[in-house]
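Presented sequentially are two complexes of chain A, the first with chain B as partner and the second with chain C.
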Partner chain A sequence: MKPPNKANTAGIGRNWAPPVIWFGPAVLLLLAVTLYPTAVVIWLSLSRTRYYDVIGWAGLGNYASVLTSTPFWDLTFNSLVYLTGSLAIVLPLGLFCALALQTMKRGASSLRVLLLLPWTLSMAVVGCFWLWLLNPSYGPISYGMKSVGLTPGLMLGDPGVALLLLIVVTAWWSFPYVMVMMSAALQGVPGELYEAIEIDGGGFWSRLRHVVWPHIDTTLGSTALALSIMYLTLITLILVLTGGGPLGTTSTWSFEVFVDAFRSIDISPSAVISIVVLIVNLLLGLAYLRLTGRVSG
Partner chain B sequence: MRTTPAERLISRLTITALTLVVVGPIAWALVTSLKTEANVITFPPSLLPSPATLASYVAVFREQNFSVELFNSVLYAIASIALTLAVSVPAGYAASRMTFPAKRAVMLLILATSMIPGVALLTPTYFVLDAIGCLNNPVAIIVLQAARLVPQTIWFMQNFVNAVPVGLDEATQVDGATRWQTFTRLILPLIKPGIAAAAVLGVITTWNDYITVAAFAPDIARRTLQVALVNQVFDTIGITWSYVMAFAIVSSIPIVALFLVAQRWFIAGLTAGAVKG
Partner chain C sequence: MSRKKDVNLSRRSVVAGLAAAGSATGLALRRSFAQSGAEVSYNSFLDPANANDPRSAAQTRMIEAFEKANPGIRIKVVVDPSGANGIRAARTKTDSPDVIRVANFQQPEFAATGSILPLDDLVVRDKMDVNDWLIPLEQTKVNGKLWGLQQDYRIPILVYHKSLFDQAQVTTPPRTYDEVGALGAKLTKGNNIAYAIPIGVAGGIGGAQALVEFILSSILAGNTGAFFAPDGRNIGFSDERLLLAATTIRDLFGKYKASTPVTLQFGINELQDALRTGIVASASFGLYRYKGLERQVPNHDLAWAAAPSVEPADKHTVYGFQLSINANSPRKDASWEFVKYMTSPAAQILAARGGEVVARASAYNDPYFASPEAADQKGWKELVQQRGRMVTYSVIQSTFNQIAGEALQRMILRSGTPETVVTEIKTRYAEALAKA
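Entry: the complex of A and B
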């Protein structure tokens, strides 16, 4: 009675029109807004530029000069210290928080919501809160340090501690993400397993190692990768807290790209750093896909 | 899960300590926002505002650009999630239900774009927008924000549609429904939770964004609350901390309220990707 429907279900494999209609807008958007600029940044990284004007072909010349410059390796060092430092705090903190919440009989879910609050705040807001907390003259933290006999110094203005403080603030903001991921993963641990090991006389660490760990290691890994991507591309928090300073000690690859985009300089070196960020992200993203088994097509 | 008393004690202490660490900075911001300008810079810092005043909040609402900034924040957040859903829900449905020769290529393209970080596109996007005269264009901002959300949202929708048995589709089509009718009448109502999760996550992401707007629409009439907030911090001469804290809190209220109302979906959206299952 309704032949078009029959054609619709039977003929999908051969008919091009339906997929174009269903996928078209999304694909068009991604081609225009994501893939086209990606091609442009690759082209820019291979060009000679004067400010925002392309004045010639440079081949791999920009890469050679950027990758052999000291500032680039300073940025690389900062990026990696920031990444590993933040992960080293948030992963154990988030995991133990999730484990502790699991032992609570009542109130765990509302506490989880409360603890998740920092993650919902914008980096701009988190940056402002902490900029004020860490204010060397009027902030409560420097007051606390003074009252126990420590010299707070310049806090975020001190080249020796600025990166560490940036890591602490990042951890405050992002550990709830780990907590939520780990709480979700812990729900996959069958209850009988705990009882079995309890009969065997296992303590906390052996339970963590033998019962819990096999069920959460993949999620912990994928969470670490997702956070790595976020830390490496994060700009706003650094901008508000330190502006990349003092003396460039908190400037990362991504922060440099952001600053360069609005500084009156040639954009090709910053295009090279963009490509570096892009490649590192692709590698982390591929590792993430492997780990989560998220394959499409 | 059974636990020893010692473990319960340690758990309680951990949770209490973390709660204080989480609540402390937020509470300090609240306290500061209620202080007078003079009270903010007393030393030692006073734990409670004396006297407490709403003057900073009044000043925030009276700021001449506040309503424009609020409007832009709302506009960008709502419009970009609407655009995201409009293109992603059909694509997610098709990804789940259709097979066609180039499907693998299309899915790979979507996947690849999800791994391209926005920061790598800052320079070229500025370059392109400048060339076509679209800097400070609100539509450009909405399209950019939507494009960032689309890959994840398609994948999310595909998973939700996958959870609907294909038999249901076939049954409605036997009854004479077209594919579009199956999509709107059967699938859409069933994947509502997924749409809600994607929407909550997307609105929060766009609302909280600073970089996109600051980079491509820095014009005073195009700014969002986030951009205005950061600009105040840079304005080091005139900075009043009680005002900055009040502004930060006001700019967070809509998002925190949305989070509290829709936290179930927010958490579902967060955990959807990373937990293997």
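Entry: the complex of A and C
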């Protein structure tokens, strides 16, 4: 066996040093602000707590207790309806706006700025604005409904429609994001393809199906995944609009975690729901990475 | 050789001696600073920068007066509008803020964290006057201990629009819920609501804070009963009182139509907006917002009276704010000096000019209370004395509020019965308490 070459060893040492020096602090910071809190939440989800103190080990008992409770499945239902309902509106709406802006010959820039406006507003402002619009006593929407002979009802106070209205408001706020992403993707469609399909006598739907769709499907998918992660962790809009009510019909996983973290003495059930959100978001994140990997090659 | 060694040892001794002396001096200085050069952080919802709030201005004047009298202690205000910072600090057992302004309905939760210092011994040690308070200090205790000194009191009042009452020929403000019911036929029309019952989750601390604060706690506790047990855990009110409260609220919505389901969304802020715009003709409300609201309503149309109750002149629950000391604070002595001053008659006279119903009885001898601008405060002070009583709240009060609000919302929206409200509140509270 040959003795190790001193020069080579020193070379390896020198090669290792710069990355450690350059990236070490960043990695440490990343560990401190992401992995450490995540580890603490996992630890809390397996413990019994009193305020923020761990007072005992619960193991998977917390998971069993939370995952078999009716309120958790109510939250799951709300979260999934909120997620899918919002996506069902924003994706077609954003795509439609992007297509419309692309085909406009004049005024597209001004309209794009106007359509972007909701996305630039803070969620608290959006919430207050819609709270006024949907006020059943003096809101413009209820006033308009009354003036055409419709009964507005309780709007956000009605357990039957509150979640639907929350979805509408969320979609209004977030569809510009889809529009921007779709506009960018549409820039990548070669103009010759439009000409070719026009020569072949293809109409709007053929253009959409055979030219546009193959160029935007991955971007649309990754946009949907990014939005899904955001919807699952969104709190402010719900807090301002409904506070999770009426009768808990607009309370989602993340909202419940937020409320319970301040209200409960034992925060381990909230930690369990946090882990559920984390797992779902990790799966969505992995799917997102695969899709964006396809986009970037 | 031996001599040199001696010299060396002597040097060491000198160095060691100097180090020890330095340490001792440092410690002494540190202790001295802790007492005389301390900076006490004070967690308060009043922002010193808010020039529009007279209570903030009064708070600033009080702090200035304290710092002048105690040059070694500086006060740093930590603005905490929602109270979240205070409770988070207590839960995490941090050493700051040193002094926390705690509402009576939150005090059991603060006490349960073990992060608040009991003040009983300090009150005895410094021979504080325990009789100079509008409501005896004894009533402000939680589980037999004094966790803070009372700064002020709040009692629900009936706020109403004079013009709307005049138009409906209502000559006297309603004193009982039956009389409130009679307003329904006269004042609830279209969008207008005779008497709003706020059962919404928004505003205040936790859901349905307005409902519990203005209406529910008084009915549940009654004139002599408990709201919660002394330790703040088990329910102290009877099933009969809860049934009475649920029936009263159901009737005001359904039978009398004094309130409409629109108010199921109302928290404190929404109720204030509705009173300001005149959509709501009357409501039980917080006196602490009355002055601001009165200024926003044109033609001096707003007036107040004692809040309605089940029987005329029933008692109402009173709460206020106490100054508590963080048990983990390294500046307890300086904090105690600050708390003592802020609740002293001298400071309370300044606080009164901010519009508060101050806690010290002797403060009301000040000439300010003979002036016209203090007329409302004097009226509220008499209301507190005549009809106010303090009760013990729950260690999970915001959870209780949420449960009660949802149960009553369900009753109104889904045509439930008062009996189901009783069952739901008791069952869900017991479950929540078991987890706690």
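The rule is simple: the second predicted complex is superposed on the first by the 278 of 297 C-alpha atoms of A that agree within 3 Å, B and C clash if a C-alpha of one lies under 4 Å from a C-alpha of the other, contacts with A are read in each partner's own complex, and residues count from 1 in each chain.
Rule of thumb we're sticking to: a contact is a pair of C-beta atoms (placed from the backbone, for glycine too) under 8 Å apart; a residue touches a chain by one contact, two chains touch by 3 or more.
Keep in mind that this is a model prediction, so the values were computed, not measured.
A.B. asks: Check the residue A:Leu44 against both partner chains and state whether it touches chain B (first), chain C (second), both, or neither.
C.D. replies: In the superposition, A:Leu44 contacts chain B only.
A.B. asks: In the superposed arrangement, which partner chain does A:Gly244 touch: chain B (first), chain C (second), both, or neither?
C.D. replies: It touches chain C, and chain B stays clear.
A.B. asks: On the A-aligned overlay, A:Met104 touches which partner chain: chain B = first, chain C = second, or both, or neither?
C.D. replies: First partner only.
A.B. asks: Of the two partner chains, chain B (first) and chain C (second), which one does A:Val277 touch, if any: first, second, both, or neither?
C.D. replies: first
A.B. asks: Does chain C touch more residues of chain A than chain B does, or is it the other way round?
C.D. replies: Answer, by number of touched residues of chain A: B.
A.B. asks: Go through the superposed model and pick first if A:Phe262 touches only chain B, second if only chain C, both, or neither.
C.D. replies: So A:Phe262 meets both chain B and chain C here.
A.B. asks: Let me test your reading of the model: by the given contact rule, A:Ile229 touches which partner, first (chain B), second (chain C), both or neither?
C.D. replies: The answer is first: A:Ile229 touches chain B but not chain C.
A.B. asks: For A:Thr292, using the defined touch cut-off, is the partner it touches chain B, chain C, both, or neither? Pick first, second, both or neither.
C.D. replies: Only chain B; A:Thr292 stays clear of chain C.
A.B. asks: Go through the superposed model and pick first if A:Tyr138 touches only chain B, second if only chain C, both, or neither.
C.D. replies: Both partners.
A.B. asks: Using the superposition on chain A described above, determine whether A:Tyr36 touches chain B (first), chain C (second), both, or neither.
C.D. replies: A:Tyr36: touches chain B, not chain C.
A.B. asks: Both chain B and chain C touch chain A; at which residues?
C.D. replies: 52, 137-138, 262
A.B. asks: Could you please specify the touching residues of chain B with respect to chain A in the complex?
C.D. replies: These residues of chain B touch chain A: 1-4, 7-8, 10-12, 14-15, 18-19, 21-23, 25-26, 28-29, 32, 40-45, 86-88, 90-91, 93-95, 98-104, 106-111, 113-128, 130, 143-144, 146-147, 150-151, 154-155, 158, 170, 173, 176-179, 204, 207-211, 215, 226, 229-230, 233, 241, 244-245, 248, 251-252, 255-256, 259-260, 263, 266-267, 270-271, 273-277.
A.B. asks: Spell out the part of chain A that touches chain B in their complex, as residue ranges.
C.D. replies: Spelled out, the residues of chain A in touch with chain B are 1-2, 4-5, 8-9, 12-13, 15-16, 18-19, 21-23, 25-27, 29-38, 40-41, 44, 52, 93, 96-97, 99-104, 111, 113-118, 120-125, 127-133, 135, 137-140, 143, 147, 172, 176-177, 180-181, 184-185, 188, 191, 194-195, 198, 204, 218-219, 222-223, 226, 229, 232-233, 235-236, 239-240, 254, 257-258, 260-262, 267, 270-271, 274-275, 277-278, 281-282, 285-286, 289, 291-294, 296-297.
A.B. asks: Where on chain A is chain C touching in the complex?
C.D. replies: Residues in contact with chain C: 51-53, 136-138, 154, 156-159, 242-248, 262-266, 269.
A.B. asks: Under the stated contact criterion, what part of chain C meets chain A in this complex?
C.D. replies: 84, 87-88, 91-93, 112-113, 191, 200-202, 206-207, 261-262, 264-265, 267, 274, 277, 279, 395-396, 398-399, 402, 406, 409-410, 413, 435-436
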